[in-house]
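Same chain, two partners: chain A is paired with chain B first, then with chain C.
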Partner chain A sequence: MSAFSLSLDLFPLLAAVFAAVSCAVLGNFLVLRRLSLMGDAISHSVLPGLVIAFIITGSRNPLPMFVGAALAGIGTVVLVELIKRLGRVEPGAAMGVVFSVLFALGVLLIEQVTRGVDLDADCVLHGQLESLWWPGAPDTIAGLFTAEALHDIPRQVTTLAITCTAACAFVAIFFKELRIASFDPALATTQGFHAGVMHYALMVLVAGATVASFEAVGSILVIAMLICPAATARLLTDRLSVQVLCSVLIAIVTAVTGYFGASVAPAFFGASSVSAAGMIAVTAGALVATAALFSPRHGLIARVLRRRKLARAVALDDLLANLYRAAESDTGATPAVSTATLPARSRTVIPRAARDGLISVSDGAISLTPKGELAATEIVRRHRLWESYLVERAGLATDHVHEPAERLEHVPIAPPPGPRQDPHGRSIPQEPDSLQ
Partner chain B sequence: MKTTLAITPGEGWPPLSEVLEILAFRGGFNTSLVVAGTTLLGLAAGLIGVFALLRKRSLMTDALAHATLPGIGLAFLAATSLGFEGRSLPVLLAGAATSGVLGVLAIQALLRYTRLREDAAIGIVLSVFFGAGVVVLSYVQNPANVRASPAGLNHFIYGQTAALQPYDVAIMGAITLGAILATSLFLKEFALVCFNDAFAKVDGWPVSMIDLLMMALVVVVTVAGLQAVGLILVVAMLIIPPVTARLWTDRLRTLLIIAAIVGAASGYFGSVVSALLPRKPAGSVIVLTSGAIFAVSLVVAPSRGVVAGVIKRARLGLRIAGDHLLEEAHERAASSLSADTVREIARLRGWSAPIARGVCFWLSRAGFARRDSNGGIEVTERGSARGARVSRNHALWEQYLISYADVAPSHVDWSVDQVEHVLSDELIDDLERALAKRGVILPPAGTPT
Partner chain C sequence: MSARPTNPTNPTRASAPDATLRDAPPTSALAERPEHSPQSPLAIHAMTVAYDRKPVLWDVDYDAPPNRLIAIVGPNGAGKSTLIKACLGLVPRASGQVEFWGEPYRTARARIGYVPQRESVDWDFPVSALDVVCMGRYRKIGWCRPVSRAHKHVALDCLERVGIRDFAKRQISQLSGGQQQRVFLARALAQEADLYFMDEPFAGVDAATERAIVGVLRDLRDAGKSVIVVHHDLQTVPEYFDDVILLNMRVVASGPVAQVFTTDNLHKTYGGRLTLLSEAAEAIARAEAGGA
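For the complex of A and B:
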């Protein structure tokens, strides 16, 4: 069995990619505006809209279904807002009330109308990605672009392609407006376009993407795709335009990886294929976890490394300053300090300080080299300048300034020079340049 | 969806006698079991949901419920591969609880170690765990992979109320009892952590332990509800009754009691309706019942309801308008206002004719004025005293704004016009003292008429 067959895999894969991209591109703004769960709520509550449209028209014609779902989506947003305002209910709880009641209504309605109709709640949740196979698939790639081949494209795939284009076009055209409405709705309104209108337009599109993706990939995948790629991208970058592009890329990678992960990977273990929609959601989660760990700037590992580097720099500064102070009080006899008297944190940086030529080590005692003395002078100078600054300008008591100065001395900024003595009566060293 | 409890095979309403029988737990053993089970579940969920609501964790319970699915599938797989009966309920529920807790921990980890917000963290865990559950179920359900039949695992998604066994109902009873016991034993601790966890920590309470206990109760109730109403709708049983109760009261004890009653009532009526009518899945009907109670409460609740709000606002509006009329009479030093004068004031104030009539009616009912035959009003003793007081408040506040808040004299009248009605006696005393100290000449107290 080959990994990819045109008739079995092409359309499900296309449907998954289109659905993933249309959700991901819109999801960026949901995640930014802390409305991620609105996507969750809408994807649950479009169910009654779908069923009512089905009851009214008696068919699964996509247009009325779409209208029904979009109305239900907007209804959800309005109801949540209303309950929040009228009942002074906490936003999360208001959302929970609305979507669970609407979902229950949907399940009940389905139960009333579906006898022998393939609209059931299970399909709404999991989708039927695998059912989109293509019986009349051509044998060659070239055969794909003939008229009859194109005529065969399943309705769901066409709908998803249109939705995907619409979502991408909306975000591309109104990017500026969406950005300003996400970060500063009040500013958006004073700039002459209503942030509320943008909000509802976004919600309509989310409802649209939800319903278009529904029968193909299921609502769980919709929720995963609305949130996960955008969240992954948010962990990778701080620029919105880059984030949106990243999320689209991640969505495509997720859909393709998840799809083949579901059909190919189990075969290695001798098992049959598993749910593709579920596998895509799992892949999306794996990517979030990866980004959370390895993102170069916001990732957990990068932050731990940064913190350790900072801790080492601080320990080195403290070591040098301690040596300087020891030499100062020692009246010049033996300016070497036994390593045993140093705190453990300082001891760990001794090898590095010695390698950098800042200190010299002999017989368990260390002393500053001329280069180290220069660096140490600068640190002690900053420390004492900060102390006198804190007393004179910030009005702190003399016995309260050591601790904050101990932190501030590591920042490569010093208060303006001037005082020759710190509040404790010790002399403040001159700038290293003027020492020489 | 095969969860219907079709007692009556045909459509339409069943006879009254049958309705009464089922309502009184006499509609056959199975039906009574289901009704008892959902009532108990509703009670426990309503009670425990209060703490989730107060800790602002309503939607975290949603993620928790969705996250139970992979645990159910994996527990089944693990049990069958070890040679046990995979469908044994304790095994499945243990799996559900484990993966549910893992989901909650994953949310906490995302919140703590990344810059994602709570909404995104909840959404990610909810969808990814559920997706994983779907994957595991699709694997398990393929006979090529697992030989033991996994029939029934699906029911945890939508619930299968009709399949409740005496054993399940006994467990639900035990859980309900435990929930009531824990709530009454630790009410003080729970309340403390819900309302001011920082203070609780400073005061030396083991806040994280108490929090953990509350979370554990939510997990237990969620898992117990999986079988009855399914993982999507169990959330509703945890959220809706407390939110409904919140509309009725501001006191924690009352809140707990009302939430428990609303939950139990929804469970009871929901399963009764589901038993009486064909093709009405119990889970949905229960949720819709509680949704209906919520909607009604939202409208009629005494202090937070929509109707109460409208009445309160209308009353305040009438009182303020009446005060303005009395003030006007006081400032004109008139003991009565003719119909023309009232119309003139109404025009200046922007009141429509019915509002003006309403104001006059309110004044006469409150005993501040009498309406004369041609549409004017005659101010009573009490009315003129009140008019004098409002006028004086106006002057006092105006003086205060000019002397203390540096508001230009030309700007104070409008804002004062709204504040003058809500000044308390203490505030007026303070104002008098403060202004007198500043040497501001105060308008005379008492009635000049």
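For the complex of A and C:
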């Protein structure tokens, strides 16, 4: 079995990629403006638009269908705004109300008005990606670039190519305006970039992309593609331009792997076939999950590692401070502390402290080296200065300041210097002049 | 600051100040009126604003003197932010007129800068401090053109002026509240406006940022600009500002701080006497919404 057949795979794959890219590039701004549900709303409420277009024209001619669906999409946006304003509800609730009611209306219309006609709600949900196969496909790649081959391109693929170009051009040309209108609508409006106009322009394109996509790939994939690539990209970068480019790349990768995954996956489950659109949507979701786990800055694993690193630094600080206090209460010059008396948290950082030359270990007892003593003095100094600050400036009771100071001594903000004694009467080690 | 010659007045517009106006009229109507001066950077005449039919500002008349730092103070719900937003056309006016140097907002736009409340935007947005400051240049850059290197240089200078040039490349969520407020201030500077509106720039900032903001405000005034600031802290009004507008759904008093910022006026602004007006506003909203 060959992995790629021009006849079977070319057009479905192109349709999936075009649909994914047009949705992904616009989806960035939906996700950033917390309007993710809007794609959901539009893709569901185009159904009554399609059915009404069918009732009026009596045919399944694609042009009236497209116009009907696009009008329904824009109607959804207007309705959401109206309900938000008149009903004084939050945007999510308004979108939820509009799309569920409109979708239900579409289903009712299909069942009542178009009985016996080939207009199927299932198609709307899952799409017909596989139906785009190409019976007259040439055998070689070279055969693609002929007039006949161009003539054979299915209408859905052409529509999607145009939509994809329009969506990418819109975002590229109005990138600056979309950025300001999404980040700070008020400033955008005062500067003459009317945020409301940008909002509706974006929504018209989302409606267009939704309608063009769902005929081929189904509304489930549309929703996934509007949100997942943008959400994945958002986790990977903190720059909008990079995010948009990433989302496009992710959309392409998702469409291609999902599509071929659909022909490979059934072999594992023993099933005969899997919906390509469904597989693409699942891939998109898997990528979001992967990014949420492994993203270098926002990822769960990176955050756990950073937290653990911080915990070790705190434990090391505490170990040094403990040794310092032990030396303070003892009369000996550099007393050794038995490791057994230390808390478990501090014991784990002993090897590291020894490696860094901060402590010396002999016979289960540890003591500060000169270098360690400097570091320990600094920590204790910060602790006691924070205690003085908390009592004198923040008005905390003397017996309440140890715990907060334990946390404050590790933050990279210096407490105000000055006091020579902490609230408990212990002397505050002063900063050695030689180190300044 | 010389005002441009005013356009001939449209008499029908001028005679109908109570008509419902979403935008200021295209011709100058206020400059003809003896009580408003064309030199004034901001002239408000008989402006009433309502949210959801509930009046929040009643019949505001105000002329801003040029070259001053002006504070708007008043209790919560007095309509301070609304006053600014209505002047900028961000919320519709039920009636009244607003002019800037004798011109409507549409033509004066390029000379007016705006600093919204810090909480009004999403600080997790994937942009750097420099990106945000560059947004202040968008009007000058124009539609569909990229931000050029020259504009980025201006933006960097503005960050320098507020003391956070080192944070230019940081994503804005990694900045402290005070630094975020400075980014907003730098963005306003980048607009190179002659009149600034600032909505609570001192809210929740540290002492160093507060000093930095005051320094920038004074620089702006010394450069001949006017700044109108929504301010919460009554104690610092005499120290920071030249003029004050005492607002509580209407202008209680306005003018130089030394004359207007009196205990008596403050009592009128913050005292309980206006509860009647806000009760009436509630009643109007209920009645006009068709409620009982």
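The definition used in the following text is that the second predicted complex is superposed on the first by the 397 of 436 C-alpha atoms of A that agree within 3 Å, B and C clash if a C-alpha of one lies under 4 Å from a C-alpha of the other, contacts with A are read in each partner's own complex, and residues count from 1 in each chain.
Please note the rule applied: contacts are C-beta pairs under 8 Å (C-beta built on N, C-alpha and C of every residue); 3 or more make two chains touch, one makes a residue touch a chain.
These numbers were taken from a predicted model, which means no experiment stands behind them.
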Could you classify chain B and chain C on chain A, in the superposed arrangement, as clash or fit? clash
After the superposition on A, what does A:Ile350 contact: first (chain B), second (chain C), both or neither? neither
With both structures placed on chain A, which of the two partners, chain B or chain C, ends up touching more residues of chain A? B
Touching A:Asp184, do we find chain B (first), chain C (second), both, or neither? second
So in the superposed three-chain picture, is A:Ile173 touching just chain B, just chain C, both, or none of them (first/second/both/neither)? second
Given the touch rule stated above, what does A:Phe103 touch, chain B (first), chain C (second), both, or neither? first
If you stack the two complexes on chain A, which partner ends up touching A:Leu240: first (chain B), second (chain C), both, or neither? second
According to the stated criteria, A:Gly192 is in contact with first (chain B), second (chain C), both, or neither; which is it? second
Once the structures are superposed on A, label A:Leu221 by its partner contacts, choosing first (chain B), second (chain C), both or neither. first
Starting from the residues of chain A touching chain B, keep only those that also touch chain C in the other complex, and list them. 34, 88, 234
Chain A-facing residues of chain C, complex: 52, 85, 88-90, 109, 112, 114, 116, 120-122, 125-128, 131-132, 135, 138-139, 141, 143-147, 171, 173, 187, 191
Chain B-touching residues of chain A, taken from the complex the two chains share: 31, 34-37, 39-40, 44, 83, 86-90, 92-97, 100-101, 103-105, 107-108, 110-112, 120-122, 125-126, 220-221, 223-224, 226-228, 230-231, 234-235, 262, 266, 271-272, 274-275, 277-282, 284-285, 288, 292, 298, 300
Where on chain A does chain C make contact in their complex? 32, 34, 88, 173-174, 176-177, 179-180, 182-184, 186-193, 234, 237-240, 243
Residue set of chain B touching chain A in the complex reads 1, 4, 53, 56-59, 62, 110, 113-120, 122-124, 126-139, 142, 144-145, 154, 157-158, 232-233, 235-236, 239-240, 242-243, 246-247, 279-281, 283-288, 291, 294, 298, 301, 304, 306, 309
